[in-house]
Amino acid sequence: MALLSIQNLWVSFGGLVALHGVSMDVEEGRIFSIIGPNGAGKTTIFNCISGIYKPTKGKVIFRDREITGKKSHYSAGMGIARTFQNIELFGHLTTIDNLLLGRHIHMKSGVFSGAFFFGKSFPAAREECHHREVVERIIEFLEIEAYRNSLVSSLPYGIRKLVELGRALAMEPTLLLLDEPTAGMNQEEKRDMMFWIRDIRDDFKVTIIMVEHDMNLVMDVSDEIMALNFGVKLVQGTPEQVRNDPQVLEAYLGRD
Amino acid sequence: MLELKNVEIYYGKIMVVRGLSLKVEEGEIRAILGANGAGKSTTLKTIMGYIEDQPEKGSIWFEEERIDGMKTEKIVPRGIAYVPEGREVFPELTVRENLMMGAYTRKDRDVDTDLVKVFDYFSVIKDRLKQLAGTLSGGEQQMLAIARALMSRPKLMILDEPSLGLSPLLVSEIFEIIRSINRAGTTILLVEQNARKALSIADHAFIMESGRIVLEGSPEKLSENEDVQEFYLGVRQETSVKGYQRYKRKKRWR
Amino acid sequence: MTSRKNNSVIPHALQVDQKNDLFILFFRRREAILPIANLLTWVGKDSETYRCLTMDMKRDYYEDIQLCKTRTALVLTIALFCCLMIIPFLLGDYNIYIVNLIAIHAIVAIGLNILVGYTGQISLGHAGFFAIGAYTSVLLMVKGGVPFPVALLAAGFVSAGFGFLLGLPSLRLEGPYLAIATLGFGMAVTQIISHWDFAGGHMGLAAPKMSIGPFVADTGLEQYAIIMSVAAIMTIAAINLMKTRVGRALVAIRDSEIAAEAMGVNVLKYKTLAFAISAFYTGVGGALMAFALAHISAGSFNLILSITFLAMIIVGGLGSIMGSILGAALLTYLQIKLQVIQEAPIVGPILLDISKRFFTAEGLPNIQSIIIGGIMIGIVIFEPLGMRGIYLRFKRYWRMWPF
Amino acid sequence: MNFFMDLIVGGLAIGACYALIALAMVIIYKTSEVPNFAQGEMAMLATFVAYTMMANYGAGFWTSVIITMVFAFALGALLEICFLRPAEDPGVLGAIVITLGAEMILYGIAGWKWGANQNPFPVPFSEYSGVTISGVVITEINFWTLTVSLAVMLILFLFFRFTKLGTAMKAVQQNPFAAKAMGIPTRRILTFTWGLSSMTGAIAGMLIAPIATLDPNMMLDPMLKGFAGGVLGGLTSLPGAAAGAYLLGIIENLFGGYVSLEFKSVVAFGVIVLILCVKPSGLFVKHYKRKV
Amino acid sequence: MKKRLKLALVLVVLSATLIPAQFGWAADKVRGVTDTEILIGQWGPQTGPAAAWGAVARGTGVFFDLVNEEGGIAGRKIKYFMRDDAYQPSKTKAIAKEFVENLGVFGVASGVGTSTGMAARDYLMENKVPWVGPATGSKHWSDPLQKYLFAVYPRYTDEASLLTQYLVEKLGKKKIAFFYQNDDYGKEGLEGAQNYAKRAGLQLAAEIPVEVTDTDLKSHALKLKESGAEAVILWILPKHAPIILGQAKAIGFEPQWVASSTLSDSHLMYKITKGLWEGVIYANFLNIESPLAKKYLEAQKKFAPNEQYTGIFFLAGFVFVEPMVEGLKRAGKDLTPDTFVKAMETIRNWNDWLGYDCTFTPQDHQGMKSTFISKCGPEGQQIKISDWMTYKGE
């Protein structure tokens, strides 16, 4: 059974149908990309997986469990992490606090243990220290040490993208959804990102689904690609297959 | 037509643009290329009078008239139209109302002929006049934003990243339209990250990095530059990264 | 949460003084500034400036969540505690009463700040929780014979229960819609209590004396001991809480609900939790108020009170425990002192003269609301961080003092 | 049956006053997303000006109304310029605090200038005689209140729908950044908005004052009800907010007439909370959820 | 440099506000009494929703000025402190503390509001602060008896019983409705009316409450009309009177209106109801025709020429405190709280004031129990239609 399986997914917003019965399977350990023109429904699929939208019809099955229509935090608890197209960071928190929020599902302290600790040996304090250590390693991995204690709203765009990625990694997810990870980056940064995506898959043993416009990156990095157009699945296959598909060329890439 | 002389811009306390000078000649398409945070958008916003008390130094001239320090609502009637980054339409106004707002500063009543003219460029819009702009797709919104800017009959049109977030096919279409607008007599100043596309239609381009113009010239000249090839055009794309040795070794976690 | 300071000492210094401070311009690079900054730092290596400059001097992850991060802070905290111990013996009973009021308001302000400042939810109905706390404790003691500490806790928990209920709709409401819902809640509570004969109706109830075991708080001084201890415990708890998992989740909800949920934060749970915690604090504050006043009546828990609480945290600083306390202190003090503004030297006669000339003499006390309204607006316009912002500015200024 | 109809008429009459306040608040909310808690005091102050014109300077009613409208416009514009413009992006909470502060200041000024005494507010039409339609009385003041509120609503609707300025105001609300790029003077538009809203509120004040008495506390309750009515209908829709306010007036009166007078004014808020749980942006507005 | 200046400025302003807090009181033999002065305080809402009642406290101020001008009391002048509590009990309590701890007053005069007064009552009693004439007719002032508290305002319960009795016995009304403010004030009135009704074997036709915050009284008026009452007793605030009278008239309901003493300023009521008040019957305990009233109003012109409102509430500020001054005079040179209480308790059937038959005994500290009934004439004149009456219950 695939790690994530989407079956006949329909989504509509007040009469406007965004997804027309899309199905897809993602095997564990792969990098799976979704491409398609704007408004094709790529982000909508993400939103269905991570529980922001409730599909009108169809199923989302993750690790043999149905998560259709479950709230975001539920799927997060199941091990699905994501980044956002337009960066959704916690602007009034520092980088380290943002990353610590990624550890939220792995932490236990509640109101009372959190409010009353008076030394290192209290469980809340111990837990806090432990997770700070974990986060520290992610900071190292992404090379954002210099920004550890800065408010994220004051960071440059590229760094914020990284922090967001780091925050998703801190969740130690099984499945990572990347929504346009290189949007707004220059070629150099994009290339870095490419390496990182591969490293993340290998080092963290994560399955990655990403939505991306940069064809070069998509073709290079992905194991499998699905092309969408107006909510309809055009084709799914290896980069080569997709690159040469006439429908994809027509709808998306254009013929130069 | 438009000239920036040694402009310095601060954003809060941080200097974003350092001594920028550039010229846009009448009838041309000029493009500013550069990565995120290079100060391109800030420059445009400053030209449009968005940022109060800026530029800190230098001057901006439009048709022999100094326009820095002017309010936006004074600048627009002088013949500059601005298409902001990211499809900034009025989502809950109809397409028609959106277009009417484009003609806000005009005193004459001859708006309808312009509407017809706009439909020549953007046939999609014609059928959707009564639709709310927010219900348009991303590409249509971008077209509407450009159409709206045209409604003020600008002499100079400034576009901020018209290709942002659009599919390759749509990008081509929009750039085609920009070119035809230019041919009809409107001067164009374009800010782009998609260097390849921008260079394909521009008459002259600037490359901006951390608040300075580092290179300028004709597209041909720029395309030959090695740095531009590597960092802006991504020329080596045909060979895959898979075959490359990483030049940076990342630290491993675990 | 004063722990935010270490993020930005350097960038701030650069930003503020960049244009007019030659010194900074010369030494823009961090390494260059280091030795000089060291000299400037008045407590040497243990200061946070030093730590920020050297960045990697962290010895232990616990430091991040420690109550007193530096020795200076520790010393200051101990000094503060000593002050709190000595103060009552220096002040008269009247001033102790004012300090008590301030402490009670500070508890409420902290609670409200947890909801408004940290979680980003608006409430114009906290007078309702205040009333619930006050009535619960008094009714339990008078009608139920429950001892004071239990009644105090019960006041908090009952109030928290109502907070939980009010929190439920908050999942879907925002901005003015939430404001009107909470406002309605506050008004409903007052209205219901005032018609509830068991709770003394409109006339209100007389509160018994606070007592812990054999110790009965008769005088203001004894009340001070109880109120101040409760306030101190609750302040420390709030500081701790905001630094750990729950607090972070609350701030996450404020900054981006969608992202918070994607991180596995159960937004419904944490929003209602924020309401509950906030209501708990307010309820405890209300209970203490009942005993400080010795008599409660529904009419005093009105919309104006809710607005005053809100004003306290705005003036003090949103999202800051210290700000809550400062705001509560300032506004409580002002409200009491502004009543006699016409008796103040110099200012008083001038105002009276103005009143007689352009206004009415008997309307002069209305200047209270003009001044408080003006402070509220002024803070939002000029110092959105509130008094805490002023404090931070002052601190930075102090550091750089010789220059 | 008469009792029921009387309650409905009463509900509509007070609902019309609420509706005017709701409209005034919506005008501002639509353009700048500021829930204006100072609306009531602005109206109260304007009404005091009208009263002073009549009582102290012997001006005629209509002259006073005109002067008051000018004053109201100036007051609204002044508040915007002095209090809201200098605040950079205050957020909803900041905006609420600013308007609450303005409310306190205006309240203080009114108390300082006119004292706490109650004053009668004379109008050239009768508060208690009028026409009787099948046993149900509609007094002159009821009639005028309803007419004026409907007229104001219609004028505002036409203004926003068909004039360039009205469309520009909507544009400023939806996207101030783009509106500026169109050459729309966003700041002046905002100032104008406040003036317009203040005038609408002043009309409400002058219609409420004759049935009650004129004193600084006059508008406390109507303002909250108007706001609540606006929220009930939806703060982003003019007709929606007005309809919500009418509805609120009717609910209140029916509840007072048939269930309980004691909880008459609280029930409104209870109903609102319940309705908002189902329709979070009010009855007549589609709930907007942020996209990611 | 600028910043430091600013800081200095802030400090100066702060200390300026601090100064009034500093003038303390040195330990005298008797708190608030020196050879030349007696310190007396009063709170009253000068701001907020109840600010209209602030006139009481200002009236008291003029009265003390008058007393001082006439030579004071036993060689001492009264030093009067007026504080604004905005009708907020927590502030009232703070003011009471300030009076006792900081200013060290001898006694408290009047003070508006029942809930505000209740917040301070026990504290004042514990500290032996004589308190005369709280400005409401609540029964809580004299029941249970408080040693240092003397009530002047006739009880609402008695007043309401009396009015009902008058309606039934003198005017022959059978169906009487009661329209009351839904708080202690209104409810005590209702209780009084019910008491009489029970005794007379009657049933009130309707008991309609109104909330303080209500502005729209249409449904109230309709309910009153439904009850078919011939007379309606109003136990409400002045601001509600014009609304209910107007709404009732609009629906064609014109019973005999009867009002409590709170609405006894007929000129004001006539003005704000735009003439509807004419013909209304109301209770009254302040003899406005007495020559003393004229004298007091002249004193107002002298000491408070800027005062805008000089109606009944203003004079009420005199009447509540008159017994206090009498008590102080009787206590004479040797003034302590206890001698004062003793002196007060010697006042029997005292009539040298605006009120009537003031009597304090060690068992009963309710000083005045009588009211008379007036009718509002054309142009708001007060027409006295009964003598002073005292309600005699079981």
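In this document, chain identifiers A, B, C, D and E correspond to the written order of the chains, with residue numbering beginning at 1 in each.
In this section, contacts are C-beta pairs under 8 Å (C-beta built on N, C-alpha and C of every residue); 3 or more make two chains touch, one makes a residue touch a chain.
On a predicted model such as this, the values are computed, not experimentally measured, just so you know.
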- Query: Which chains does subunit A share as contact partners with subunit D?
  - Reply: B, C
- Min route length, chain touch network, subunit B to subunit E, equals 2
- Query: Where the centre means the average of the CA atoms, what chain is farthest from subunit B?
  - Reply: E
- Compared with subunit D, which chain's mean CA position is the farthest off? A
- Query: What is the distance, in whole Å, between the centres of subunit B and subunit C, each centre taken as the mean of its C-alpha atoms?
  - Reply: 47
- Between subunit A and subunit B, what is the gap in Å from one C-alpha centre to the other? 30
- Note on the structure: Averaging C-alpha coordinates per chain, one finds the centres of subunit D and subunit E separated by a number of Å equal to 36
- Task: Please compute the C-alpha centroid of subunit A, do the same for subunit E, then give the distance between them in whole Å.
- Result: 70
- Item | Where subunit B touches two or more other chains at once, by residue number | none
- Item | Junction residues of subunit C, two or more chains touched | 191, 195, 258, 360, 362-364, 366, 368-369
- Shared interface positions of subunit A, touching two or more other chains: 52, 84, 88
- Item | subunit B to subunit A touching residues, read off their complex | 35-37, 135, 137-139, 164-170, 172, 193, 230-234, 237, 240-242, 246, 248, 250-254
- Query: subunit C touches which residues of subunit D in the complex?
  - Reply: 29, 33, 35, 83, 86-87, 90, 92-94, 96-98, 100-105, 107-116, 224, 227-228, 231, 235, 262-263, 265-266, 268-270, 272-273, 276-277, 280-282, 290, 292
- Message: Touching residues of subunit A toward subunit C in the complex: what are they?
- Response: 50-52, 71-73, 76-77, 81-82, 84, 88-94, 96-97, 100-102, 104-105, 107-111, 114-118, 120, 124-125, 127-129, 132-133, 136, 149-151, 154, 167, 171
- Within their complex, state which residues of subunit B touch subunit D. 48, 50, 71-73, 75-77, 81-84, 88-93, 97, 100-102, 104-105, 145, 148-149, 152
- Item | Contact footprint of subunit E on subunit C as seen in their complex | 92-95, 97-98, 101, 191, 194-195, 201-204, 206, 220, 289, 292-297, 299-300, 304-305, 334-340, 343-347, 356, 360-366, 368-369, 394, 397
